[in-house]
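In what follows, chain A forms one complex with chain B and a second complex with chain C.
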Partner chain A sequence: MINLFINGLPVSVEEGSTLLEAARFLGFPIPTLCHKDGLSPYGACRLCVVEIGEEPKAKLVSSCTYPAEEGLKVRTASSRVVRARRMVLELLLASCPQSKIIQDLASAHGIRQQRFKQEHEDCILCGLCVRMCQEQMMAKAIGFRSRGEKRSIGTPFDIKSEECRLCGGCMYVCPACQLRCTYTEPERPICGGCANLTPPCLEKRQFDDMMCFMDPCVACEIQKEG
Partner chain B sequence: MIQDIAASGKQQVSPHETVDSKGIVRILNGHRQQRGGLISVLGEIQSQYGYLPEDALRVVADETGNSLVDVYGVATFYRSFRLQPRGKHLICVCLGTACHVRGAPMVVEEFERRLAIQPGQTTPDREFTLETVNCLGACALGPIVVVDGCYFPGVRAQDVGQILEKARLERVEVPSMVAASG
Partner chain C sequence: MASLNSIHHLKAFLGRLLGQRDLNTSTLVIPAGTCGRASGADLLIETARQEILDRGLSEKVLVRTTGCHGFCEMEPSVLVEPDRTFYPKADADSMVRIVDAVARGDVLEDLLFKSPETAQPIRSADDVPFFKGQNRTILSHNERVDPTSVETYIENGGYSAMVSVLEQGDPRWVVEEVKRSGLRGRGGAGFPTGLKWELLAKQPNGNGKFLVCNADEGDPGAYMDRSVLEGNPHSIIEGMLIGAFATGATEGIVYVRTEYPLAILNLKMALRQAYELGLLGDNILRTGLSFGISLVKGAGAFVCGEETAMIRSIEGKMGEPRQRPPFPVKRGIEGKPTLINNVETWANIPIIFRMGSEEYAKTGTNGNSGTKIFSLVGKVKNTGLVEVPMGITIKEIVYDIGGGPVGKVRIKAIQTGGPSGGCIPAERFDLPIDYDSLTQAGSMMGSGGMIVMDENTCMVDVARYFMNFLKDESCGKCFTCRKGTQRMFELLDDFSKGKGTLAQLDLLEELAQVVKDTTMCGLGQTAPNPVLSTLRYFRNEYLEHIEKARCPAGVCKELITYSINDKCVGCQACLKACAAGAITGEKKRQHVINPELCIKCGVCKSVCKVEAIDVA
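== the complex of A and B ==
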């Protein structure tokens, strides 16, 4: 067993587990897009960032790929982490505003502005479908092609692959094409229609280390201040 | 871009060259001992055919036990690998920052107009392939154009016709040093 601190709480987790697994097991929610149980960790979406270490040497790492270490101090919802996550979400929202999963995450994280150009891409290159095809379906029909801004996922030569059995696993796991967000107001980049989860007290004040079992309630923090 | 090239390439040049699978297996056998020798295998195939034919990639995938998508991923990842046959003459226009401010985009446009192709494409008669590169490291000589290994410094749009003519008549002189290394 490995002993570490998550949000100040001393916990022990099994050796070899990642920070994401540890935090989720203990009930600390961490949002992810490119992580799925049964598939290898990939660290593509950067939504699962957590802060490790102590000031001034604290740094942000992706919790889905970072193994739990002895004595490590992890903060899963510090203001720095939340700020980073919001930026990631705003960027994801710019590339894929039609995805309901991303729109819901954006609503849950209180994103109220969109400073980037809307791209309406079909893919966020999270690689879930590639890993699904390779690791669960044992097919390896699709993969990454090219690189840089031309990077895309698909079959070789863009023709139907002989390995593909049309299982649909790739579509099942896709966060971008699985569910479409049906905008109430199509011209707005942020929907926020069905998942407006921010409690009213949060709008007024900012809290560091806002985290409790009743996420996103921050009654305890408010009490502490008062 | 790969898709663009593939789509446009099909209309322009039909890559109908029969792939000698035995020859490819022979190339593969030369790299068997080497772990992860895929890049050198692909490099050798390309030096033989001038590009990477689809059938060759299939043979490589079958023989090495890799999946086709992995081989294809490597072949598309590296810029030096091409999946479409190349023309007889390769025209490479530098679009680095220094060349760019000195008017390289105009030179590219002129090449595009005269050859009626986009960068990355090959003319239907398989004479010329036009490519752009992000920097050749010879910024003081910009805008620079490389035709079959011969460097033309300070190219302006009005020089393009002359360069093409030279290339067509095979009058491009490659300095012996470049020829030896390249």
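== the complex of A and C ==
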């Protein structure tokens, strides 16, 4: 067993466990996006960062990939962690505004603005589909290509793969590809309406055709009744 | 070549070659690395050989082609041994004269290097200011060794370090020597090499261990490693052999980028020679040491210089870094313990064992021993490779060795550490060059790139340039690295077009911090450096771009206009040079630039002899 401290609390976990598993065992919430039980840890979205070690050598690592180490001191919600997480979410929103999962996460972290140029990229390259296809469906029909800006996911040469059985597993795990809440103005997609008890949009009269995961969201329902 | 089968044999072989060494016959040494060849060294070699043949001088004058000597600005050049007369920028005609002069034992004053201060000719290479300030422990071998001939390497003491290590016979002593030498990795991070070796030596030896030489050298403008590989490949082989003996490694790999064809060629030749001599292979010299080296070519992805990405690339997978721990020393190639060192680190190993660790540690400063090769480029007079003891100041490199600014324009900063390094302003040129000082100043040692910048360099543009490189070269796996570099580029691009706001400047700074914090590998963690260091020292330039939509250095195209002032003599030089046809004017009358047509390429300014082109 490995003994470590998470937010000051001692915890023992089996060797080979990740920090994420250890933190969840204690009940500390850590948001994740590219992590899914049953798929191998990947560490791409950086949302699950936690702070390890002590100043001046303290650093952020992705808890879903970092192995628990003897005596390690972990903080799951230090100000440095929260600041980083919020920026990650803001970047995610800027690239992929229509993902319900990202909207919810952003909302839960109190993000009400998005300062970058709005993109509508959809795919955030979290790699869940690639791992799903390879590790659960044993198909390896899709994979990553190229690097940097040009990185993308697809079948070899973009032609239909013989390995693909059209199981739909990739779409099932995708946090981005479903059509979800688009608000009324795509540039300002996040109202937090669905996560707040008192939705901010109540007073405004512009939510008639809002389409969100709750379909329609409470805010719109109340408005319609009125 | 017969295979050698004992240490005794090797010693006898080394002794014989050392005895045959002829130090007195005049030799024309012609550097023909990639840089030399690009500037015409091949023609010099051909001319020299032909001339010697034609005139029947083959007994009197020898020719040796070597790797780069470092003074690339003056190539193609000729060094005459034994008196070390240095002829810069030679051509076929001067080559003929040089052969003639050497045969007569004469020196051609008019072709010698001229002192920039006094304009007096300087005869010996050792008195040329560029070479004088250096400490060329590694690069001097590039003058003496013909990379295609193992004999010339041995004649200059090659493989004697390996002999002394094998004779000593204790791997632990070897590791201790490297530790005592204080050598730190030359690939960038400066990790103590001896410590790394000790970690590998401690790993269980069941399934084999790997040694890797990192010759991926992806920094734009840096070519130290290329020059060592091209000019002295056997030193790498010897270094790795010593490493194998010390750590129990069984397999060696040199990971070199495909863009280095000459390095690959010379290395292949050297490997073949080493195998033929029995210096590589099974049971080397019957000492029980078995070690082979193979070559893996990288496809030119910057990120493959990172250890874990390199390991994947060697395994034939996509070059993507992975989480450390486990460190490569525990789990590397095919899950086996793997040690990765940089080319220059390996090249230092034979030197340590030739001079002894104590002697080696005397060079440089405490905690930063030995010499380091830098590639000095940009707005300085003498560009090229310089090898200096650690701890000398930036000023000494830029002004004493580099010769200071090219024209009258003041030098304002130096960029060190490759694309993810940082810029250090001229006010801080007293900074000693070592791993820790550079990091504290917000830059880093990196693998040794040094780009000198003057008042005509725009720091926003510099940051934008490097960010463009990094956004393309990020592997793309970490979201914050891929998207973060793209967004930083986007913001910098806006600034360079005068479209930025102060709020965006804060956003850039905030983003840069988070990218540094949240990415997994060294690429992302250092990617914000160009932004953070320019913001730290040159915030004013950012503010000028944002608040006044002005580029003080006159670089950002969207913010500048070219015009012609009344110094114009109407020579029509600019008019003829302008590719956009934007300049009109009659002979001997002041010309004008049509701003609508001007593409702001700056050609007019570079051809104008009377400083009549204004940029504002």
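In the analysis below, the second predicted complex is superposed on the first by the 187 of 226 C-alpha atoms of A that agree within 3 Å, B and C clash if a C-alpha of one lies under 4 Å from a C-alpha of the other, contacts with A are read in each partner's own complex, and residues count from 1 in each chain.
Assume a contact is a pair of C-beta atoms (placed from the backbone, for glycine too) under 8 Å apart; a residue touches a chain by one contact, two chains touch by 3 or more.
As the structure is a prediction and not an experimental result, all values here were calculated from the model.
Of the two partner chains placed around the shared chain by superposition, chain B is the only one that A:E163 touches, whereas chain C remains out of contact.
Of the two partner chains placed around the shared chain by superposition, chain C is the only one that A:M87 touches, whereas chain B remains out of contact.
In the superposed model, A:T155 lies in contact with chain B only, and not with chain C.
Set against each other, chain B and chain C touch different numbers of residues in chain A, with C touching more. By the touch criterion defined above, A:A141 lies against chain B but remains apart from chain C after alignment on the C-alpha atoms of chain A.
In the superposition on chain A, A:K57 contacts neither chain B nor chain C. When the two structures are aligned on the shared chain, A:E69 is found in touch with chain C, with no touch to chain B. By the touch criterion stated above, A:V49 is placed in contact with chain C alone, chain B being left untouched. Counting contacts by the rule stated earlier, residues 144, 146-147, 150 of chain A appear in both its interface with chain B and its interface with chain C.
Those residues of chain B whose C-beta lies close enough to touch chain A in the complex are 1-3, 6, 54, 57, 67-73, 76-77, 83.
Here chain A touches chain B in the complex through residues 140-147, 150, 152, 155-158, 161, 163, going by the rule given at the top.
Those residues of chain C that touch chain A in the shared complex are 301, 303, 318-319, 323, 325-326, 471-480, 482-487, 490, 503-504, 507, 510-511, 513-514, 517-520.
Residues 42-46, 49, 59-62, 65-67, 69, 80, 83-84, 87-88, 91-92, 94-95, 115-117, 124-127, 144, 146-151 of chain A are the ones that touch chain C when the two sit in their complex.
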